[in-house]
Every structure is written in structure tokens, then in C-alpha cells.
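Here it is: the structure, laid out below.
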């Protein structure tokens, strides 16, 4: 983390932060109230009844696309040497005429114009949802599953992205940027509990148990410029996260920035305390890089959140392209 | 294709088929009724009103997951040397303690257990939707866009997967296997126009303009065994496809098999005539590898289809994890 | 291994073998005579003097290429789900005209025809050399380095391929196939100590300390057909390996087959006993997929072996394209 | 190129350069004197006799390693979105115990500690040699092969890296930095014909037909810092290249920088004129990222160059790890 911070923060700010709060020695991964085999945490709050409740209130046929595009050069977390998004072609109308990969002959390849492409990516790119195995404490993740017993060569054998069900739930936008009268929160701004409460009050929105709560910092306006998007973004503080989960009983939390939380860490001994709090202690999946600009523009603060992430077996995150449909009051 | 067929079909069957119908010399790519800049074809049938109509009839909170898992060893079209699905870890709780990729020191890495993974895949794997640039005729695709002017090094500059909107539409299951009283259609079976009509009649389901029509062959029951799933599967014939699009005005068609259509081709000069018909002539996206077993079990023939594919810029297909929600009559 | 064997061996043969010898309980990884920091084992036998000795005897300007080609569809060890060789283009003369990735304009891209490609591969493909960290015993590798302390997220921090020096040494071909009067050893044939001794005698070749010893089974003649090349190949038995290292003091051993050793294993509790013997107990690198056909054709049994593998940091193997130059007597 | 230059050069320097010389309208790709099927150009200068001549003069057993390491974070040409070097593990001693990918059971996996890794890379990374299909003019490459007829989906069908023979030739170091009394040439310095002639004179080295000529700028001292290594490096000018090939009859030219030539281009209509001159007009392969520091330190100006690049079928470049062995006078 020191390396990351050197890139994005003045050293004085970094040192200031590290004089902060020590990590509670007794912080441990959470034990699931849904039993010892639970791998999805607060996603258990979703039931046929909860889905029916939100689906019965759909306001019409307007849908909002909450996801961003994947393209070469898109933002991607690079501090630890992870793969960029790549796309390449394995068949083109021109190339198949020369290669004839299916052994059908030149006239057939000239007649049938075949295009095929492949991709590679780190799972934490574009609009995505973190699975509960993404971050843990002391070698364990949510519900006490240990790396020693459950991490194989190609991912965790528990709590993987393939366990995340399709999500149909009440969604709430907390437009912190708008609440503060700015277009975008400043670089490095750490969203507080009060910021969230004031924005909700201003919006006249209430949070309810089982919500998908999406926080808008406005950062997404820089998405097309990867360096600008990633450099020292605003994010959530620990108390903001606690407000969402413990006070408000959110099922999933998310935001429009790269990593949900603000850096540098508020804790001396944990470089991503909001992630470990949410994923490992509270069993709360996190959505990152959500596209919230249109919801903000139209002041859609309450909606049906409908999204289903790719079932990547064993993965610690998966891409998701959720939609929002406004609700009747 | 000869190479593929040798792997999967008795040669007598192959030769029989190739004595069949010659390709119509005047087959050309379609010109869009939605104008010269149209890149999404029949997806234009979807409107706020069409979405509102289906969303107003949701029957409750039961959802069906129509997608399959991604895992190492999963089925993937290999005849032309395309990449398999791969997943690998770039950070593990153990490895970061040794490597310290973020330069935070051993105690921090022992406290914070970090897991990260990456994937790579051909875009035509798992449950996915084909974009209109996937297959064309004579160097052009739907609406006359030419490879010479629009294929760059990293995909088409038109009609890419990022143009596909989130899909909310009436969905219809045509359970051809059930209609025929079998668990799974036989190897290599080519579904006919009559098969579809009889199944619809038996189900008492009507097709309507703008539907997402999903055909069940039962093949998905073999998904866990990649070789078995891919060897000589049943699929659609040309007349079946014409029935869906021209007679029934479907917006999207799909099935539970690898490639939607049956092989070997019915045309001498086109090895994938159902693909070129649907994508290039009719502007109709195709969903492949849809998981329809639970819909079939519960006899859910009509439903809201809600799905949004990944916005892979320029790609010829993208993964999608759609859900189905039953409708009230 | 059971899974592999089921693919390639009649079950009776497998069972027969597994009634064989139990693994010696006291087998442990070797301690290097070159000191506690040694990471290259028997490569320490190479010195300026040993190199000068062989280089002073070069017979002229004839060179033999001991490596195979990399191409899509080439043989690759697939039993454990490892990546195939892939190559793809990221720039083509045509595509750059459309994409203009360097922002130089269409006339410049039409004038300058740019081609660029990328590859991916498992490190144990094509002609390659295994580093000493490839196989160990009980969590340790050669010289006692432990996985617990030295395996990070991107490879071992010790004994990686980047430590392997350029190799200039006396090379010896042991043409077992020719010695037995066959073109290729039979499927599954396990080369014995006597086979090696008889071939050396027939060839009138002596082994000396520090040699690179390459065994020819003839299998390479099937290289163009990946399935045929890989199915149940002939290989070395344990006693053959012991003869090469302990009796004959080879520095490196190699062969023209996929995995050097024969399967199924001769030991009940070690599925790759020749690998663990050579790499972990004896510190002896292994060359696999060596192309020896031309040496055999010309009966070049003694030569200068000159080869330098790619310095892939932390890797357990690296591609190498060695050459052989005949020696004067 | 404008995009690249903006990153690395003051705009005034760029504009200055672009007021320079216009490209000769009659520049065309070269026709091989070795016949219409020639795909390797000046590599034809190498013969058994030329190899024997250099091998007969080896001075002893000292070898110099002319290659650099491959590691995550290494320099790689990024202006056009090409892949970085990646390495990842597919088997680890710990992970196989959990995953049991070979189905051999936990005790076996605990006994046999298996490590396997995979890599991916752009072919123009690390010490490598450019094949003649890397750059052309007007859609053609060396000897008139056209992209329209010879570029398939996975590379060129002619002039690929697999055609490059193992190289055994007289090597010459031209230490321009040392000749100028500096440790490293300044940023953006363009080496001239006179620079080469003066350095040769100072070194008392003569060039001969068929040489591998390697130019030292000193830039390699920054290799460990990718950004520093790549930012505005020194390189060759066109006249320097002409001196090496036309006046001096070099077989291969190379240097220790990223791209051999200096930027910005000396020609208005060709952004890489030294590449197109060498590869397309003259059929001269280029070695980039050669490690020359130790040769320079020991003032080894003449040596046997022995190197063999990976046989990547159809590729426009391939990694190579050459060695240098000093020659007797």
C-alpha cells in the first residue's frame, strides 16, 4: 500500500492518516447467522417475498443501465501487477480466407464472413461484485473458512462468485455529490456517516433491510480517462460502511469509484479496512464501478435493482451489468 | 467444417446432407428498416412500452437463472483453435505473505488475507449472446457494414456487443424435447418448423412480435461433460429459424445447445446458414448455451426475460446471465 | 494420475504396475554439495574450463537445431487443465488502418504496414528445460527450500528459470531406438539401465561428468499430431535415471518425449518418481521435447551442446532452443 | 506516433523534426537476391563456412549472457495497448493438495510437491529478434509478400520467426557511449554514421560481411525501472542504419534500447523509418533489448555470437538469449 499511496497522495496526508486508530485486536471474521455452510452472507436476506415486494412496485418500462464498458485501456487496478483488460481477434473475415481454420476452402471462407474474439481480464474490472472470499482476516474469510483448507490452484472452493444468486432487490442511490452541491467529490474525500445521513434526508429516501445501496461520488465522469479515474479517488470511510450495514441493514453496498473505500486506510494494521469489515466481518458483497450518472440526473433514488453476475467458479469477483427500474411510491 | 464433421458425424450422413440445397445466389446481408446507422437489428423492437407491458404482468418473486457456470474444462468450441476458459490467481492469502506485492510488510499481509483472480475466454463460451457482427456474407454484416472499412485490430468498430441494450422482454420457452416425449433430442437431430409449431400447440403458447424465444433440446443435461455436450448436438434447421423470425417476429432466438443450429449445413456453400440467416440477413441476435432445465421442469413457457450482456467493446458476443420471472396470464 | 492413465493405458497394465515397489520412506530432497544458497544443482559442474574443453574440439560449422516449433494445436500437457499455446495478433497491416492505434492517421498506416503478435503458453511446452523448483518432496525442493517460505503469488523466489546459466557442455545422444533396431520405441515402453548401456556400447560413446545426455525414443516423429505424440509415450525408468546421474555424472538429462519419464509410476506413493528423483533429490535439470531426429540420422552421438533458456523470473521451466555442433575426436 | 511522442518529447522537438525530410516516394520493399521464396533476407549470408570461420577462433570458455530477465513489471512497449508480460501459477505445492487436479489423492499431493506456471507476453519484449514481417511498406513486406495474401488470423504465413535459423556468426560491439566518454547516451540522442565510425576507429574494430553488429547506448542500465528505460531513449538514425547494412554488410543489427531507432522519425510519412528500411527494404533482422554491459566493461568488441530464437510459427518476433564468446585475434 505504501507503494500505491506514494503514487496518489502527498506524503503528509499519508503520515497524518497513519497516526490514526489502531486496529482492534479482537476483530475477527464473522460467523454466519445462516449457518456453518453459508457462503453468501447477507445475500440470504433476499427471498421470494422480498423480490415480489419490489417487483410489484415497478413504475413502468424505463430501465437504467448501471454498468460501464470493457475496452483496451479501461481503468484497472494496477498497483499489484494484475492483468489489464485485453481483447483480441481469433477469426476475422479476412484472416479466415488465408488460414482456412475449419478446412472449408477459400470460396466458403469468402462467402461466410466469420469473426470471433477472446478476452482476458482481472475479475475486479468494470462494473463488478466482490465475492466474500476476496478479503479475509488472519487467513480466514467470512464464516471461518480458512485459506489453508479451501484455496486451491484455481481459486477458493467456497464462497466463489458462482454462489452469488441473481439479485432482485430494492435499490437505493445515495447521491452524496449532489447532496453536497458538487459535481464530483474531491480527490481523496472520505465519505462519512453524516454525509450519508444528510444525503438521505435531502433525497427523502429511507433505507430498509435488504437494500442494494449505491453511493454516488461522481467519479464515474472520469471513467474514459483511466489515469484520472484511478488517481486518488474519493471513497467510503469505515463509519459510513457501518452505518450502511449495522444501522441500515443493507444487503449489498456499492459505489461508482474504483475500490469503494477511501485511501489511505484509517487503521494502522489493515490497508483495506472497509473491505475486510464488509466482506469478512459482515458478509456483505461490494459492487464497484457502478454507473450512476443517469440515475443521478433523473433523481431516481429508489428503484428495483436487477442484476446477475457471471458464475465464475471459485472467483473472488465477477462482472455484472445490473439495471435499475424506477418504483411507484 | 469438414474437419468438425469428421469428428462428429458418420460420413454417410455428411454426404447425404451435401447433396442438398444449393445456396441462393442472391442471398445478401439485410438492410435495416431502422436506418443506415442501425447496429442492433431486431433489438429495436424493444421499447419502453414493450418493457412496461411485460413488467406489468410479473407473477411474483420466483426467479429462474438461465445461465451456466464458467469453470476450467467447461465446453468450448475448439474446432478452430480458440481459447478455452482459464482462471488463475494473481493473489492468494499465502502468496502475498511471501511476495508482498503492495509493499506493506509481512505482518500486514498475514493480517489482511487478499485473494484476486483473472480469467480469459473465447467470447462464445457459457451462456452468451451473439452480436450481429459475428457472421456475415461476402465480407459484409447486417446493414451492409463491410469488414474492409470496419474491422480493426481489436474487433469491429460497429455492431459490437457494447451496443446490445439490457433486454427486458417477453420470453417464451419452446420445449421441443418435452413435446416429443423425450428427455433429450437425439444426437444431430435437426429441429423443424413443424416441431416448433407442434410444441407451441401442445404448450398452448403463442409467439408475439418482440419475444425472446428459447428452444429446449435437453442437451444441457450433459453440460458437466464437455466432450459429451459438444459431440454432434441437436440443433435448429433453417426452416425452424425462418418460422421464428419471419412468421413469428421474434426479437432474439436462443437454445440450450452449443451453436443453436444443427450440423452439417443444409447448404452447400455456407457452413453455418442459420447463423448467417439470423445475424446477417435478419439482424437477429442469438443466445447459446441457455440453461432451460428448470423452466422445463416447472412448465414455465411464458416469462419475463431480463438479461444484460457484458459491454465488451467491439466484440462479436458477450456473456449474459439472464433471469426468467413467470408472468400472470 | 489415475485420470491420465485411464486415458492412455489399459487398466490391467496400470494395476500391474501399482503392485510394484513402495516408495522409500526415507527419500528426501537433496542437500547441495555446493552450499546452502545453491539453486541450480548439477549445473555447478559447468566451469570456464569445462566449456573451453568442449569448445576447443568443435569440428566445423555444421549446426543441428534441437528444438521444435510453437504453433496453435501443438502438443501440451493437458491432464491438469493447463493452458495451451496461443498466439494472436494485436496489430495487422489492415487493422491498423482502421484502428489507428498510434494516432498517426490513415495515410501513415497505409504506408507503414505494422504487424505485432502476442503469445501465451504453459512453461512446459515445446523444447524446454525444467528448473529445480518444478517438483519437490513433502513441500520442499532441491536444497531444502520450502514452499511455505519461498512460493509467492507469481512463482518461487528461489531456483527459478532465471538462475539457469547459458549451457555450453559436452552433449551425448543415446539413441535407444536405433540401438534396438526400431524407428520408435513402443507405446509406454520404459527405458532401462541396460538399454542405455547397450546403446552406448553400440554407439561406442562414453559418458563423462558434466555431460548433457539426451535420450532418443523416436517419439518426436509424431510431433505434428499432438494427440498421437502425447498418448502413452515411451520414457525413462528410475534405474535409467540413476544410471545417468549417479553412475555417469550427467549434468543435465533430456529426451524427445513429452515428460522424460515413463508412466505409470514405478512407485506407489509418487506419481512422477523420475522427476522427483532428478530435480529434488539430485538437482538435475531435465530437458523435454528435444528434437533429436537429425542427430540420429547423421549418427552424431557426441557434440557441443549450446543452449540458453529464457530467463523467466521465478518460473519452474523455460523454453530453450539448443544447438548441437559435432566435435572432433 | 503523435500520442507516443506527446508522452516522451517536448512538442517543440517534435515539430522541429517534422519539418524534416519527406519520404522518398519511390521507397519500396526489397526484392531478395536469394530468390522469390526467400523469407529470411540477410540471414542467408550465414553458411557452414562462415560459422566454421568464427567457431575456429573461440578464445576459451568465457561466455557472456546478452539477454535480460522476464518479470512482471518489465519494460514493454505500451503506446499501442499491447500485452504486458504476465506469469501465473497453475499448480503450487499447496494448491494441488486442495484441488487434486490429477485425481491422485491428498497423501500423494502432500508427498509430491508440484509447481507449474504459465506466461503471456507481446513478442517484442525482453531480448528479442524482429522477423522480416514485422514492418512493411504499402501492404507488402520484404521480398514482396503481401498482407492481402499472407496474413491469416494467427500471423503471417511467410517470413515468420520459425524461419529464423540458429545464429552463429561474428559479433561486434560498437560501444558508442564509451566512445563518447559517457556512461549512457542522452535521452533522445540519435546515433549518426560518424558516431559509429568513430567508435569503431577508437575500438580498432573492423566490420565484415555477415556480422551481427550490436550498438551500445548504455540505456540498459535503467532496465530495472521500466518507465525510466522506455522514456525517450537514444537510438539509431537512418544514416547509421545505412552505414551498417549498405557500407558494412551486416547480417543482423541490434542495440540495448527498446526500439533500436531514435524517435521522432526523420521522415514525415513514416513513423519508424529505420525499421522499414532494415526489415522491408534490406531484409535485415533487428535485435532489441540486448544486454551489452558486461561486454562493454570487459571491452570485448569482437566475439562469436551464438543465439537461437524461439520458433514461434508465423510470429513477427521471438525471444532470444544469445551468448557471446570472445575470439582469438
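To keep things simple, chains are lettered A, B, C and D as they appear, and every chain counts its residues starting from 1.
Quick note on the criterion: a residue touches a chain if its C-beta (ideal position, glycine included) is under 8 Å from a C-beta of that chain, and two chains touch if they have at least 3 such contacts.
All of these numbers come straight from a predicted model, not from anything done at the bench.
In terms of C-beta pairs in contact, A-B outnumbers the other of A-B and B-C.
Looking at which positions face the partner, chain A and chain D present mostly the same ones, since more than half of the interface numbers are shared. Chain centres here are Cα averages; for chain B and chain C they lie 42 Å apart.
Centre-to-centre separation between chain A and chain B, using Cα means, comes to 27 Å. Annotation for chain B: residues touching 2 or more other chains are 72, 81, 83, 86, 88-92, 94, 101, 118, 151, 153-154. Taken chain by chain, the contacts link every pair, so each chain touches all the others.
On the chain B side of its complex with chain A, the touching residues are 1-4, 23, 47-53, 55-56, 58, 60-63, 65, 67-72, 79-83, 86-94, 101-104, 107-108, 110-124, 126, 133-141, 147, 151, 153-156, 162, 165-166, 168, 269-272, 276, 280, 306-317, 319, 321-323, 325.
Of all residues in chain D, those touching chain A in their complex are 72-73, 81, 83-84, 86, 89-92, 94-96, 98-99, 101, 149-154, 157.
Of all residues in chain B, those touching chain D in their complex are 81, 88-90, 92, 94, 118, 154.
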